[in-house]
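Presented below are the structures under discussion, each in the form of structure tokens.
Next come two complexes built around chain A: one with chain B, the other with chain C.
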Partner chain A sequence: MAVGTDSARVDAVDKVTGLALYPADAVPKDALHAVVVFTNQPHARLVSMDLSKTVASPGVVTVVTAADVPVNEYGLTLFDQPVFIGLDDTGRSSVPCDVSRWEADHLVVVVAESLSEARRASALIDTEWEPLPMASDVASAKADEILVHPGSSTNTYHTLQIRKGDAVLGMEAADVIIEGTYELPHQEHAYLQVEAATAWIDEQDRVTVETSGQWVHEDREQIAHALAVDEEEVRVRYAAIGGAFGGKEDMSLQIVMAVTARKLGALGINRSVHCGWSREESIVGHHKRHRATVTARLGATSEGFITAVEADVWLDAGAYNYTSNKVLGNLHLSVAGAYNVPNARIDSRAIYTHSVPGGAFRGFGGPQGAFVAESQMNKLASKLGMDPMELRQRNALTDLSDGITQSGLPEGVGVTRVIDACVERVPPSEELPEYPPFSPIASLPAKAEQLRQGRGYAVGMKNVGFSFGFPEACEADVVFHGDADEERPNRVELFHSAAEVGQGVHTALTQMVAYAVGLDFESVDGFFSDTSTGGDSGSASASRLTFMAGNSVLGAVEEAEKAWADGARPAAGHFRYKPPMTEALDPETGEGQPNFCYGYMAQAVDLTVDVGTGHIRVDRVVSVHDVGKAIHPQMLRGQIEGAIAQAHGYTLSEQLVVENGRIQNPRLSQYLIPGIGDVPARVDCVILEAADPLGPWGARGVSEMPYITYAPAVTAALYDAAGIWINKFPLTPSVVLEHLASAEI
Partner chain B sequence: MIPASFDYVKASSADEAISLISEHGDEAKLLAGGHSLIPMMKLRLAVPSVLVDIAGVRDLSHVEDRGDHIAIGALAKHRSIETSDLLIAQCPMLAHVASKVGDPQVRHRGTIGGSLAHSDPASDLPAAVLALGGSLIVQGPNGQREIAATDFFTGYFESALAEDEMLTEVKVPKSPGTNWNYQKFNRRAQDWAIVGVAAAQVDGAMQVSLVNMGSTPLRATAVETALASGASAAEAADEAANGTEAPTDLNASPEYRAHLARVLTKRALEASGVE
Partner chain C sequence: MNAEESYEIRLKVNGRTQHVTAPARRLLSDALRGELGLTGTHVGCEHGVCGCCTVLVDGAPVRSCLTFAVAVQDKDIRTVEGLAAGDGELHPVQEAFKECHGLQCGFCTPGFLMTACALIEQNNDPTEQEITEAIAGNLCRCTGYQNIRAAVRRAAEITRSDKR
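Now for the complex of A and B:
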């Protein structure tokens, strides 16, 4: 099956017929059931906890507490969160464990014969809390009067800066200056499959956790750290994964369930233990896309050449870092857009608050940055009376640009390419086409005079792979099978840890191996996402797996070919692909090479707004992507359409309400993700294939890119339609209406 | 979330259902489609100790021509109202409104009786029956009585039904033609109304009702009075929020709801032929 054609997905039949087992499906018959009890305290000190009634409750097997965690700390990049809040921890933790800083901090795990017994017993925990003062948002945390982590003197725990040229002089040289303060909202991942895990001690005495996540080896490392054991003593494998989007990059049940299985083992109870979260527990219990506030200035000449960019970024990290420091880096780079900026001052800060942690979510800071950069460009175009895409073309980064980090860009910069293709498809001068009659949700088409149509554009780029010097590598193993006298193998086994989160990576890797070896698709058997069989692949994130895992399997095939040629039967090949090293940025100037590859995108959005109600319908999206090489065009379109549907919710309807550190609407009846009747009526995908010099068959990555440019394209289209700029979203009907009213439309 | 535990009995006739609820008093609840009651139980907003399942009761799913009106059995599903040829011809508004309830799954389970008895101010069908000036037949241990729709909705999730009464039939006047309209504004294509407006011309007069503009489904009396004294659609629509107490929730403020009521009333009236 050739790369570049649409093979059937390897997981399609199982997923469509219901055979695929997700983590909550494969619960062994004799499993014990666990409930993770949250503290339900956004900021309070635990004064006492009495578990006697819980322990004595019918069916209870054990209660797991802080005392059971050898090293009671967790964090993907900083250890700043206790695994359990408790008074009885071992003392081997870098954070105080008696203070809850988040309503979903874990208090205990109650294990019982049945779920209902575990729930009943959980309700009997007797705790006394001393309420502590709250700094629940950026404004209150900035003052540093209330510290979220008292070990430090400030809540503003991570800062980045860019100093390029002279921003003051650059602004002086500008003929026009665009200024704006942008409010970026939270977003819930809302994956279909909520968190669930089963844990046991396997026949090799390893603590084993079967769950869904984005990186088995990272899960294993975090578990091993908390258990203070070697990684080899821990095994993590993934069942079928029903969506992740970054929301399963951090730990939910991994560590607590490993600790629970170990405790059961120590008690001589040789049974597996299962825990599955409800939707409410999932929404309350995992991180969100970061909310952020960005104030920005953009200076340009009257010909539309950028003279300077200034920006102040405040990223609300919530109670714990999760990946906020990395997300901040991405946001930091992307507020300047995909343009030549001769002078820049950018100051970016991540700040702790007593609120839900922000963390990884499709785009990883890119959507927030792009909303600022592209809104500023769209406003500049309108102020100058210039065609918005012509303005972008004048300023577009190229292979010759030094970039905002003054270190040049990886070869093959595609900004002008995607702009050209977008303009060719959707010329800014063209009249808007007629779309089917507007049905603004209400049953009656509103009168034509109450409808306004508009078009907006946005352009961007997104890194592929880990940034800023973070170790980046991906391993693969293949085994060629065939008789000694055969010239070619007749079957290949592939062992890989890449997480299939729905994006289709297992199909893409199977396809790549089949094509590289010259076999048909069915002759490749994949074994995936199990630390006991596969090497470290890195995570399913940063749009990286096609590029990274693709290169890893190509390398492994090459190694196996050598062994095969040497007569080995079976012939094994192992390979660890490492892309060019990236760099952490200079702390003063922000100089350095943060990334090794980018994907490029441009979008045009046509919408209609009902000025009577404020309701917006998106009629069409044209989404242009330079992907290097479309390995599987159908799945690629799936990524584009899916990303746009998710971005549509972010931009128009999803509104997470967090008050005093508590989520007020942890249900999908109140947190409105768009349905099939709400998403854009049409998405046209335009795929460009300018090969990346390092990508497998030239492939880059795509899964975050279509998401990133959507919100600013929508707000630009709304401006085109109704003459209002809105610097925040979601653009709920009432918000739109308020702006229309103040503009007297 | 998981509801509190309860007992479950199946009734095979209206009489049996009524004697079962009389026996258990206010601990018991009738269960029809379950599409309002079960969600309430999961949130523990309703904690009945006995559920009397009437879904299996025969003979209460009819849609019948009774001369000047149409009679609809309390257990008729939204879907069968939406697709009833009789209603489409003789009371098209009711069929249309039924088609705007939730999504196909909901419409295949939910019943008109459940929707009315539940008295949720955010529901669609109560507003339609109100605007049409329909009435409700209820049956108790001592026989039947008829209640005008305008007298039925007495408070927030409260109706004129006594504890031991069951709604058996809904009557709507024949009202063919095109002088009617239903405006449903929801944030998502398939969802509950943020605000809705039903308008219907019955016996020459425009009757207008509002969804989600107060603690009960209500008639827009200020609009009707204005129309009766010769106001234009635009003038009458300006009155739409008068005398209402629109709720506030995560979806909308009372001010935004009042605005929607005015805009949607104007659209509904114009589409019903009011100039």
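Now for the complex of A and C:
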């Protein structure tokens, strides 16, 4: 099966027959059931906790608390969160454990014979809390009067800056200056499979956790850290994963369930333990796309050449860092857009608040940055009366650009390519086609005079792979099978940890191996996502797996070919792919090479707005992507269409309400993700294949790319239709009406 | 009936009658998944919004998370496990979702398959509008629905050609 052609997914039959087992499906018959009790306290000190009634409750086997975690701390990049809040921790934690800073901090795991018994016993926990003052948003946290982590003197715990040229002089040289303050909202991942895990002690005495996540080796590392054991004593494997989108990158049940299994083992109870979250527990209990406030200025000459960019970014990290420092980096890089900017001052800050942590979510800061950069460019075009794509073409980054971090860009910059292709497909001068009239409510037919059509554009770029000097790598193992006298292997086994979150990576890797070895698809057997069989692949994130895992399997095949040629039967090949090293940015100037590869995208959005009701319908999206090489075109289009649907929800309907550190709408009936009737009526994917010099067969990555530019393209189309700029979203009917009213349209 | 007390409930699932001992308020979704081990029926929201838990009851799509098991005693219940033929041959909706990549993570898929199956068994030549309306109550967070729509169209096509 050649790369560049469409094969059936390796997991398709299991998924259409109901045989695919997600983490809540493969629960052993004799498993114990666990409930994770949240503190339900956005900021309070635990004064006392009495578990005696819980322990005495029928069916209860044990309770697990801070006392059971050898090193009671967690964090993907900073250890700033206790695994459990409690009064009796071991003292080996870098963060005080008696204070709850988030409503979903964990307090106790109750283990019982049945789920109903565990639930009943959970309700009997007797706690006394001393309420503490709240700094629940950026505005209240900025003053540092209330500290989220009192160990430090400020809530503003991570800052980045760019100083390029002279932004003051650059602004003075400008003929026009565009200024705006942008409010970026939270977003809930709303993967349909909520968190669940089963844990046990395996036959080799390893603490074993089966769950769904994005990176088995990271899960293992975090568990081993908390348990203070060697990583070899922990095994993590993934069941089928029902969506992740960044929301399963941080730990949910991994550590607490490992601690629970260990405690059961120590009590001599040789049974598995299972826990599954409800939808409400899932929404309350995991991080969100960050909310942020960005104030930006863009200076340009009357010919549309950018003279300077200034930006102040405030990223609400919530109570714990999660990956906020990294997300901030991406937002920081993208806030000036995909353009040549001779002078820049950008100050970006992540700030702790007593609120839900922000963390990874498809795009990882990119959608927030691009909303600012592209809104500014669209406003500039309109102010100058210029074609918005011509304006972008004049300023587009190229292979010769120094970039915002003054270090040049990885070869193969595709900004002008995607702009050209987008303009060719959707010329800005072209009349909008007539789309059918619409009304969201069938009994209220739209009034034709209230319908306005508009078109908007946006352009962007997004890194592929980990950034800022992270030791990026991906491992693969293959084994060739065949007889000693055979010239070629007849069967290959592939061992890889890449997480199949739905994107199709297991299919793509199988296809790549089959093609590289010259076998058919069915002759490759994949064994995936188990720390006991596969090397460290890194995470299913940053649009990195096609590039990174693709290169790793190519390397492993090459190694196995050598062994095969030397006569080894079976012939094994192991490879650890490492891309060019990236750099952390200079703390003063922001200079450095943060990334080794980018994907490039441009979008045109046509929409209709009913100015009487404020409803928006997106009629067509043209999404242009330079992907390097489409390994599996049909799955690639699936990524584009899926990302646009999620970005559509982000832009138009998804509104997470958080008040005083508490999520007010943790249900899918209250938090509205798009259905088939809501998504754009038509999505046209335009795939460009300018090979990346380092990508496998030239492939870059695509999974996040369509997300980046969608919101600003929609707001530009809304301006085109109705003459209003909206600097925040979701663009709910009430928000649209409010803006229309103040603009008197 | 008493909420705590257990009762014997007769469930006819995929053509087989089975007995389940459960409290009166046992949801059909829990009975299928827990008591009968039919975990192909997924639970995504627990209150009727996502459609992941859709099964067919006497041929009509029903949200098993909103249905008490006792309420469907002796009715014909069909789950995703009952779609393929005994020899493993895929049902046209399964074949079509596979062929058209109507799935990514696959968590929503059983619900879509059952909903599409009900549509196509009633009407094997649905219009685009009828397809949209039939699946408008099922959520998918991964695909953007384009391939799901194509898969339903394709399933109807396979069904029509099978009939010929």
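In the analysis below, the second predicted complex is superposed on the first by the 740 of 745 C-alpha atoms of A that agree within 3 Å, B and C clash if a C-alpha of one lies under 4 Å from a C-alpha of the other, contacts with A are read in each partner's own complex, and residues count from 1 in each chain.
Criterion: a contact is a pair of C-beta atoms (placed from the backbone, for glycine too) under 8 Å apart; a residue touches a chain by one contact, two chains touch by 3 or more.
The structure displayed is predicted, hence computed values, not measured ones.
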Contacts of A:S278 with chain B and chain C, given as first, second, both or neither: both
First, second, both or neither for A:Q655, with chain B first and chain C second: first
Partner with the higher number of touched chain A residues, chain C or chain B: C
First, second, both or neither for A:G675, with chain B first and chain C second: both
Contacts of A:A190 with chain B and chain C, given as first, second, both or neither: second
Which of chain B and chain C A:I644 touches, first, second, both or neither: second
Touched partner set for A:Q214, first chain B, second chain C, both or neither: neither
Which superposed partner A:S348 touches (first chain B, second chain C, both, neither): neither
Partner chain(s) touched by A:K15 [first = chain B, second = chain C, both, neither]: second
Interface residues of chain A shared between complexes with chain B and chain C: 278, 675-677
Residues on chain A engaged by chain B in the complex (per definition of touch): 116, 119, 278, 280, 440-444, 446-447, 612-613, 615, 653, 655, 657, 664-665, 670, 672, 674-678, 732-734, 737
Touching residues on chain A, where the partner in the complex is chain C: 6, 8-9, 11-22, 24-26, 189-194, 240-245, 278-279, 501-504, 634-635, 637-638, 640-646, 667-669, 673, 675-677, 679, 683
Residue ranges of chain C in contact with chain A within the complex: 33, 38-50, 52, 79-81, 83-84, 90, 93-94, 97-99, 101, 103-110, 113, 132, 135-149
Parts of chain B lying in touch with chain A, wherever the complex brings them together: 1-2, 96, 100, 181-191, 194, 250, 252-253, 256, 259-260, 263-264, 267-268, 270-271
